[in-house]
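Here you go, one structure.
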Amino acid sequence: MDRGKSDRKKNSNVDVVAVLETQIDDLSPQVFGYLFEVLLNVGALDVFTQSVMMKKSRPGILLTVICPIDKINVCETIIFRETTTLGIRQTIQKRSILDREIKTVNTQYGEVRVKIASQGTGENTNLINVQPEYEDCATIARKFNEPLTTIQKIVLDAFYSID
Amino acid sequence: MDRGKSDRKKNSNVDVVAVLETQIDDLSPQVFGYLFEVLLNVGALDVFTQSVMMKKSRPGILLTVICPIDKINVCETIIFRETTTLGIRQTIQKRSILDREIKTVNTQYGEVRVKIASQGTGENTNLINVQPEYEDCATIARKFNEPLTTIQKIVLDAFYSID
Amino acid sequence: MDRGKSDRKKNSNVDVVAVLETQIDDLSPQVFGYLFEVLLNVGALDVFTQSVMMKKSRPGILLTVICPIDKINVCETIIFRETTTLGIRQTIQKRSILDREIKTVNTQYGEVRVKIASQGTGENTNLINVQPEYEDCATIARKFNEPLTTIQKIVLDAFYSID
Amino acid sequence: MDRGKSDRKKNSNVDVVAVLETQIDDLSPQVFGYLFEVLLNVGALDVFTQSVMMKKSRPGILLTVICPIDKINVCETIIFRETTTLGIRQTIQKRSILDREIKTVNTQYGEVRVKIASQGTGENTNLINVQPEYEDCATIARKFNEPLTTIQKIVLDAFYSID
Amino acid sequence: MDRGKSDRKKNSNVDVVAVLETQIDDLSPQVFGYLFEVLLNVGALDVFTQSVMMKKSRPGILLTVICPIDKINVCETIIFRETTTLGIRQTIQKRSILDREIKTVNTQYGEVRVKIASQGTGENTNLINVQPEYEDCATIARKFNEPLTTIQKIVLDAFYSID
Amino acid sequence: MDRGKSDRKKNSNVDVVAVLETQIDDLSPQVFGYLFEVLLNVGALDVFTQSVMMKKSRPGILLTVICPIDKINVCETIIFRETTTLGIRQTIQKRSILDREIKTVNTQYGEVRVKIASQGTGENTNLINVQPEYEDCATIARKFNEPLTTIQKIVLDAFYSID
């Protein structure tokens, strides 16, 4: 466990997040891409939509926004402003999270960030999951005209051969 | 095979239908319920939507209309008129269909129609599927405040005990 | 802010709703349309379904019913009666809601209701969203054979030109 | 209410379950079938996935695991181990459940289990729902090459004619 | 029909497109956003995904690419290169399309493009649908911190008041 | 390109498949898992379902079966027998397919099959995609209590280090 430039080590732990939900059946789908952007810009942790079937055969959209407690107000204001919803439901949820750290690894295409999830500390640190940063890989794939999955594999191989 | 008021007997066979498809990402879902109604009124055989994920994170709708060949024009005119689509794709498909007939059976709640699908003729007629008419059962369920599935079961039992 | 026949003005605020959920993998989809009707009739605020993928490759249905706290029992009784579910999960959620009022506007096709969502009071009232009532517009569209979206636009134009 | 081999009778009641949720956008769908198996083996009550639309046009998966409170830790450990998620959200939900009992009925194809849901006790017991066990019926359908729905109907008829 | 800077007028008509489809159950959803970008860059007309339920409880993805006939090869090469699919199905479909033209209208926020769909020519031209360009409106909404739907309404009002 | 036990080398090429489709709104989802099994047993190449939204707010299922031309009849017979559908639509589609071969690689857990997709022949063979067989990996993961994705990575590493 001595790979790359990282020095941050934390235990896995628990936090609390707010989950905002609202189902919408009278808004153009075009708006949702813009809404994602605005919500993530103000601090939402994640945003996603699901298709739902509503009364009168309407194919509605269920919007879910996951955000820190102190971002509830700003997220609700944006949802009311940008959509047609009349009500936003809210639940507070406990969340188990892994330690995450970003390292950079060198590849033939330059430096690429890798997101590492782990549990435990010191000798007992357990690598749970390693993911090359999507945007870094996509940039390289575009530039060198290589398949995205090839770039991701090269980055992972570079990460695991650091030792 | 001598149940109820039916007298129509046909072989299973093959016909041809048109399938119209268009994906829409800039229209309120509210419109689709109305669109279903209008399309079925002019002779569409079936209409359904599916949720699709389009570019720019838009949760679009794929509309599918199944209609007889001679209804292609009227259905396309309605789709262009009621939605924001700029193009409607069309395929002609072969369709294997079962013989269908409607019989009525008597129950303690009155007469109810039953849709019967079968293959073959005369002695060799093979009952494939028997379904009580949804609207008849729903009307009874509403009126007598019984579960819809209870009514459906009573109708099927009445059908199978006719002999 | 002096449009039409309205006189009700309230602040936006917060209420509490119950959310009932159950996933169902052994019931005909036909039943859900009827279930929507029955649940909305007894006071459910909203009802929707989502497709879920369950064990053994079963394409199940997740039913969600949003209702006032005092309607939990009647809604649960109906769900148990009309479906095959063996368990209904329940959460109580805080809900932020906008002030809503219904106004009527005059158009060349007659009076049409408009649902208005706003925040704030008096001079500071902020129009958030204005939606013509779907059923009123659909009735006119059917009768005059005009596109539904055209009717909706005419109603909105009439609303905004009241001043 | 004196059918078959059952002797257990309970009232309908309420319990509490944990609902674990996490959205995943960087894992092969192949893994989910295996994950279902492992989670159900350690005591999850139900597991299902839903498709969600996430940022950057990614068709993600929302995983939901319903489990007893004392299985939260083992289920979370498995989800972290088998998937790429970095966080698992948790809610505790009240659940209304029907009394369930398994009876066996005799058919021309041998014994088949039937799951019976009911409310109330003794004279006031109310049969809510009766479902032949899927696996038993599927085994018979495979062996005798009969349609699955035919076997299910035969089992139900045998159940209701026991008296 | 004398609005703005347009001078192009065509009849509605019919063309032919290729529809490429493949279902994928062993690829990270992350790849699809990148795939959309690459396919649209080489000339695909539209790209979308749908969630499908495959064998062994796998939540797969059905990819659909609509492209001109002369782009079939390049699109197939990209799909094979970027995904794990082993086979791509192809159908040629007739497509009814409306005349489309882009006009620009002046608003208080500057020029905005509007996409206009119409049928017929000269005196008989029939405006079917008018849509403000999403990207233009989103740029203004971001810059002036106004709701996207407000900008879209302002653009439409400007368009209809040109005469 | 001299890895493992393979000796089969073919060019990528084109074949023709039948696509059978039917939308179903009156059948229990439970049946679909069984239907998948039966259809794949008689020679269907792939089977999947999608959720569709049908008239009267019914959350229906669109069943798609991809099969060789000479399996159309047996697949249609099974669909009519096991489901409630009254009609099955059929299209014949061209399909571009990669060369596929199965190799076995040795790992610390024993032999595992790997599916290899490639284009071209001899010196010009181009490895497109390499996937460890899911069932082999799942068997090992179960037996040794290791994460499935870990086993898949070990197999791929073994494959690429053969030379």
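For clarity, chains are labelled A, B, C, D, E and F in written order, and residue numbers in each chain start from 1.
One rule holds in what follows: a contact is a pair of C-beta atoms (placed from the backbone, for glycine too) under 8 Å apart; a residue touches a chain by one contact, two chains touch by 3 or more.
As the structure is a computational prediction, the values presented were derived from the model and not from experiment.
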Those chains which touch chain F and also touch chain A: B, C, D, E
For chain B placed onto chain D, the superposition rotation in degrees, Cα atoms, nearest 5: 180
Taking each chain's C-alpha mean as its centre, the one farthest from chain F: C
Residue-number overlap at the chain D/chain E interface, same or different (half cut): same
Relative to chain B, chain with the most remote C-alpha centre: A
Chain pair among C-E, A-F or B-F whose interface repeats that of E-F, sharing over half of the contact pairs by residue number: B-F
Where chain C and chain F are represented by their mean Cα positions, the distance between them in whole Å: 42
Centre-to-centre distance between chain C and chain B (centres being mean Cα positions), rounded to whole Å: 26
Computed distance of Cα centres, chain E from chain B, in Å: 31
Of all residues in chain B, the ones touching two or more other chains: 26-27, 30, 32, 36, 49-51, 53-57, 59-60, 81, 91, 134
Category of the chain touch graph - line, ring, star, complete, other: complete
Chain E to chain F touching residues, read off their complex: 23, 26, 50-56, 60, 62, 76, 80-81, 84, 86-91
Contact footprint of chain B on chain A as seen in their complex: 24-30, 32-33, 36, 49, 51, 54, 56-61
Complex contact set, residues of chain B against chain C: 27, 30-31, 34, 81-82, 134, 138, 141, 147-149
Interfacial residue positions of chain B with respect to chain D in the complex: 53-57, 59
Contact footprint of chain A on chain C as seen in their complex: 17, 19, 32, 36, 40, 46-50, 64, 66, 91, 93-98, 100, 117, 119, 128-129, 131, 134
